[in-house]
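Note that the chains are named A, B, C and D in the order they appear, and that numbering of residues resets to 1 at the start of each chain.
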Amino acid sequence: MFYKETGQFKSRYKDELAAFPLFEDKIGIGILCVLTFLVIPMFGLPGLNYEFAMGAIMIPCMIFIIMTLGLNILLGFAGQISLGTGAFSGVGAYAFYKFITIFPDINIIIALVLSGLVSAVVGVIFGLPSLKIKGFYLIVATLAAQFFLTWAFIRVAWLYNYNASGAIEGPNKEMFGIIMIGPQSAGMTRYYFVLVTLIVLTWLASNVIRGRIGRSWMMIRDMDIAAELIGIRPLVAKLSAFAFSSFYIGIAGALMVFFWLGAAEAESFDINHSFLYLFMVIIGGLGSITGSYMGAIFVWVVPVLIKEIGKSAFGFDAFVMENFSTILLGAMIIIILILEPHGLARLWQIAKQKLRLWPFPY
Amino acid sequence: MTENSAVLDTMPKLLARNVSKFGDSPAFREKDLGIWQTWTWKESSEEIHKLSKGLIKLGVQEGDHVAVIGRNRPSLYWSLLACQHIGAIPVPLYQDAVAEEMEYILSHCGASFAIVGDQEQVDKILEISDRLKGFKDIVFVDPKGLRKYDKKNLHSISDILEIGSGDSAELDKELKRRVEKVIGDTTCVLLYTSGTTGKSKGVVQTHRAIIGASGGANQHDSWTHHDYLLSYLPMAWVGDFMISVAQGMGAGACINCPEGPETMQVDLREIGPSIFFGPPPLWERLKTSVFIRIEDAAFFKKVAFKYFMAHAEKVGRDILEKRKVGLLDRLKYSLGNFLIYAPLKNMLGFSNVRIAYTAGDLISAELFDFYRSLGINLKQLYGQTEASVFLTMQGNDEVFSDTVGKPIEGVELKIAPSGEILYKSVGSFKEYYKNPKATGETKDKDGWVATGDAGYIDEDTGQLRIIDRAKDVGKLKNGALFAPKYVENKLKFFPNILEAVLFGDKKEFCVAFLNIDMTAVGNWAEKNNISYSSYQELASNSEVANILKEHVEDVNMALAKDSMMSGCQIRKFLVLHKELDPDDGEITRTRKVKRAFINEKYDDLVSALYSDNGSVDTKTEVTYEDGRKGYLEATLSIVDATIYQLQEAAE
Amino acid sequence: MNEKVPKIIMEVKNINLRFGGVVAIQGVSFDIHEGEIRAIIGPNGAGKSSMLNVINGFYHPQEGEIWFDGQKRPSMEPYEVAKTGIARTFQNIALFKGMTTIENVMTGRQLQMNKNIFWQMLRYGPAIEEEVQHRKRCEEIIDFLEINHIRKTPVGSLPYGLQKRVELARALAMEPNLLLLDEPMAGMNVEEKQDMSRFIVEVNEEFGTTIALIEHDMAVVMDLADRVVVLDYGKLLADGTPKEVQSNQAVIDAYLGVPH
Amino acid sequence: MEILHMIFIAPFLDMVALPDLFFQGLWDGFVGGTLYALLALGFVLIFKASGVFNFSQPILMVLAALALVSFYEMGINPWISVALVLFLMYALAFGVERVILRNLVNQDGNILFMSTIGLTFVIIGAAQWIFGGVPRSMIHAELGFPVGSSEWPMFGGAVYFEHIDISAVVLASSLIAILAVFFSKTKIGRGLRAVADDHQAALSVGISLNQIWVIVWFVAGIVALVGGLFWGARSDVSFALQIIGLKALPVLIIGGFTSVPGAIIGGLIIGLGEKIFEIYWGPMMGGSVEGWFAYVIALVFLLFKPQGLFGEKIIERV
């Protein structure tokens, strides 16, 4: 149903290798673009306060999608587990802060890319142990990054320009004559900036994943010994995954602070955030870009909505709802792992497959 | 039509026309190396010319017979056309024919060259080439596995193309001379009939006949160069030659070749042809697969399928044929189309089908209605090799399941006193190759050709109605009509029944052999936890027999309503212990039952069916896939079925 | 046949391999001629797989030399060995389970692909051209091994015999100078074995690939191999044509005498 | 030059200059190390028996401590509170086996690990909801553990020994010893080892896998209670203890994942190391280096001795 694949044949490899080879999927993407570029900025989300919808749901969701994409590249595509995501996102945020304060005239996009690169370098350094170790051992190595870096965010005052508050704050800064970040920036500006960044980053990630480099990650993930015997250098494959992943996470960290929160301290990058991002990846689906989208949205939106509903409809206080959503999140992880280890992405895939095969079961 | 026959009376002319008129439209596609490789008319024509020159250089003479053997692929179609360009006569052969069958045809037509698909065909020809007089060289398409073969008389088609692409004024001149010499009366192709009776005969067809008949058919259904088809039927079969080569060339339509037989279904779906030709067994198999798969679907889907299929049965044909249908019914049909029909057509690859044809055998009304009610414009046509296929076709607004249409332009029909159908047509064959006796028996001095089929013109519709092969139709002892195929087709409509053979000519009553369909019955067995290891074991299961008994009685019930056919009800039947197999000579490669042969081979079973025994022991020779022979022994039980009284139709 | 002196593509000299106190290979030497099918046979535990692992750099022998393409090979990591043009398949299929057949075969082309990350990110121009060009080569191999119909099937769901064939396709995609096959017919039924034998011979003939294969079933090897090395308990027992080996008394005693 | 002096010379001069302070540091580190070792043992047990890398071990410790204090605050007798906590731990072990392990048996290690992160969140949410998130004091005094401290004159100064620390060392060491004996000498213990080697073998000696899982998770709960009791006494009973508990991970890296002695030695290395490092090198780095020191040490081990001090070397086969 909906899908009519009859007659959709490919006579060039290029078409065969396209991101969305099916016509119906292209339509779907088109609809999503119209929604995010026009409909949502105009009307917000149904049933929600406009400011809330944009500021507490849309913008953070998009940023977390970038974050999840980053972690998914590492965990889902390259099979390297990391509990240091929060800290790596902090590296991006602090780097961005330093770039725009040291070079006040720097273009925001350039600053963003540079922050991503700084994060990538740090990611590679802490990814070095992955060459010798796997699985649980790597968890500890990335935990070292997590604790060491958050410690540095507090103790190295240079990082936050010796602010008394110990926080990094976005100054007003413009690009092409429009104030992009800082207290005076318009929510709409930030929304579109994040949206475009997300689309560009998604496109780049999907390209890399389908190409030579992406394949080398999956080879290492699926069977590292065979990969090596085919000529993959584990060093290059693993470190490139760490670099690429941290690049995304760094950019997401910078976006989080300067396009959403406005200001942040070290605790915005603590281990609990690492867990949160890990959950987004697991619930969304390991090794799936669609999954990264679904995971980030689900993990962010469901608790927010629960809190809202609990507060407004049942009058529960924030403390109760907070704990309730923590439990829910944990339980979701367990349930997902038991029922569908490949996450929401797999459910989506199954549903899509059903539609494609409709009315047949196979 | 007039334009066609006057100017464009040869294949080379048609090709030249296509290049100038549709030069950049796709002409041939083949699923190869994962994608649909495409050649436009311009590119195809270049290939064909190169091939022609290469073949001239190889030594192919005018009037030489060139065998073409292999699965459907552009290079083999080009080979056919190249032969026609250089005045040689292409002889397409069935690729699954065994070496002896090939030997018969190749020596009969005195082929001097063979253009083949792959190693398998090369091996077969090498095996018999010593015994063929005047046979020279083999050209192969796929070099795989042939590296170590002696290349003296073996050439790769790419080498031939290479030779043909060289700059040689001499070759160009020779090609030009030969093409100009090809006229409407030049032999276009030599096609061997499948041979339901005895050895196959070579039908000689001229360019004029082929183009005349296909042109009439194209005009009848307004084919254009925007049409595209899937060429998957054996190239040696006249139907494929007419549709893929003659009609395709005539209209400038695009020919699409699947990757291989096992991916045909997938490739069909990818291409989504606008015109599709399928023999009745294919339609039957597809429908069976639909029902089997729906059987496994979730409850909701099953219910929805049943509900909407019932609705389609009610109004589907009326909507397709643009008759008046109530608004509510129309809405319901649209909903059904969204939920079931359109997705179903999509899954089968028929979403874009503008016209679908069935021919080559009778098709049961139920099967025919099933597809039409889904909105697939399935139509019947009637013809035969000797007539360049097309004799009668159905117009879009006059499609019936029990008739096969009206004569197309250029065809005249008459019914002989014996009931046999005779025709005169632009597409009539020239002669049977080296068989004047058979030619004389079939074609009289005035040009009337006997079809060998019995039929009559239906009074209500004015369309031709076929009863059966003229020589199969007989009488029961009580004088009632015996038309076995009609009944067999009714039986085969049931997914569980793969083949049926009816006996009863000059007997008291009718009896039948049945073959179960392993897919359908196997599926049923799995669901009911019945274990089996072979066809034989499943066929001898008594529950299976009970199911078949119900089917047979359903058929009897239906026959009882038809005054002409009620005598053909089946009183007894048995389930054969082996599947009828072309390798054993029981059916033709196009799956037509060889009645006389079976009657003789299973003589013991037939007489048992007419005795009072409840079961019969038998021993049968079988041929295994690798050519070895062996024996099957079995005890078959004979099942009695209920016979119904003739009922006057209530309507 | 032997008009000219065959070129030696690989020679192992006096290989000794130990794991702790366990001796896996003891003083084994043999050579592989260019273009031949060389079989290494022996009962289970004879050190055949260890030998293969030494050749492709997974194990580093304590003593011995490996000569490849006329040069003594320094100690190499597996990925470096792969770069010299040695490909292999595995006894217990080592396909990338998360990928489809075509993707698995494409992994064999990794070494030949080199467009950098920026092109990869854009997937445009050189990157996509490279992808298309290698895809075509892989499709040819897929066609050659007759696995077209499973092109887009995830390999995990394929039957065993087909998985082995996909693995062979992946190794072939590397266009190796030397192809190592680790028990290519293990666990197959008769028909699958016939198919696989046919493919091995065809690969050898069609691409001229030198093949070294391990097998413990002697009968399979006899029709297939040009020359055979027999190992037993890590030692070289015999080396010669299948016929010679078959009539070698030591082999008969140690190997053929034992029914299995 | 100056910086090299600061790093490589000055700290050692300080150690010699004030030996009492150095000794004090060693003692504090030793106490911490013993407790790390105990917690690490909890990890090792579960890892050996079920291949699960149990990330929820630290939060189990928090839960045990929090529950103990909360039961007491409800007016329940402290010892009965202990019994109740034990019961709670057993119930939890039972639940984990039923809900998680049973359903994820034979799954990939990463999946099991992630499920324990999920479990961690469930416990955090539930514990916070039921017991509240405010830091509280441990009830070790009410349980009869000695409080106060003794001062031992030494090297011209004095070293303070908190009485509760002495109890911690004694109790933790005995528990470690008991567990070591239990698992090498008793039937259940041997069953546990059999499980680690081969699930089939374990079944054939008549031990149900499910029972074993419940037992090891319960033992991990007991370990968590003891750990929580003393860590709680050393600081406050709060969720911050989870971070302390997590340090058992680097201990495992150093000691090896499957080794009981490894856990002990690793615990001591981390405990002593981080204390001494904090005292002598911490100030020049801005302090609070205890947060990451253990991990960085582990990182160094990972780079040079990935299988740990006592871990088994893995030979990969193709």
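The rule we apply is simple: contacts are C-beta pairs under 8 Å (C-beta built on N, C-alpha and C of every residue); 3 or more make two chains touch, one makes a residue touch a chain.
The structure presented is a predicted model; accordingly, all values stated were derived computationally and were not measured.
**Student:** Touching subunit A and subunit B alike: which chains?
**Tutor:** C
**Student:** Look at the interfaces A-C and A-D and say which one is made up of more C-beta pairs in contact.
**Tutor:** A-D
**Student:** Averaging over Cα atoms per chain, report the distance between subunit A and subunit C in Å.
**Tutor:** Chain centroid spacing, subunit A to subunit C, equals 41 Å.
**Student:** Can you give the whole-Å distance between the Cα centres of subunit A and subunit D?
**Tutor:** Spacing between the chain centres: roughly 33 Å.
**Student:** Return the distance between the CA-based centres of subunit B and subunit C, expressed in whole Å.
**Tutor:** 46
**Student:** What whole-number Å value describes the gap between the mean CA coordinates of subunit B and subunit D?
**Tutor:** Taking the mean C-alpha position of each chain, the two centres sit 78 Å apart.
**Student:** List, in ascending order, every residue of subunit B touching at least 2 other chains.
**Tutor:** 34-35
**Student:** Counting only residues that touch at least two other chains, what does the list for subunit A look like?
**Tutor:** Within subunit A, residues 12-13, 16, 225, 229 contact more than one other chain.
**Student:** Any chance you could list the residues of subunit D touching two or more other chains?
**Tutor:** If we look for residues of subunit D contacting two or more partner chains, we find 318.
**Student:** Which residues of subunit B touch subunit A in their complex?
**Tutor:** Residues 29, 34-38, 269-272, 290, 293-294, 296-298, 301, 304-305, 338-340, 342-347, 349-352.
**Student:** Could you list, by residue number, the parts of subunit A that touch subunit D in their complex?
**Tutor:** Per the stated touch rule, the residues are 81, 128-129, 132-133, 135-137, 139-141, 143-144, 147-148, 150-151, 154-156, 225, 229, 271, 275, 278-279, 282, 319-320, 322-334, 337-338, 341.
**Student:** Spell out the residues on subunit B that touch subunit C in their complex, using ranges where they run on.
**Tutor:** My answer: residues 32-35, 144-145, 147-148, 259-260, 262-263.
**Student:** Within their complex, state which residues of subunit C touch subunit A.
**Tutor:** Where subunit C meets subunit A, its residues are 56, 58, 77-79, 81-83, 87-88, 90, 94-99, 103, 106-108, 110-111, 113, 115, 117, 120-123, 127-128, 130-132, 135-136, 170, 174.
**Student:** Once bound in the complex, which stretches of subunit D touch subunit A?
**Tutor:** For subunit D paired with subunit A, touching residues are 53, 99-100, 103-104, 107, 109-111, 113-115, 117-126, 128-129, 133, 243, 246, 249-250, 252-253, 257, 285-289, 291-292, 295-296, 298-299, 302-303, 306, 316, 318.
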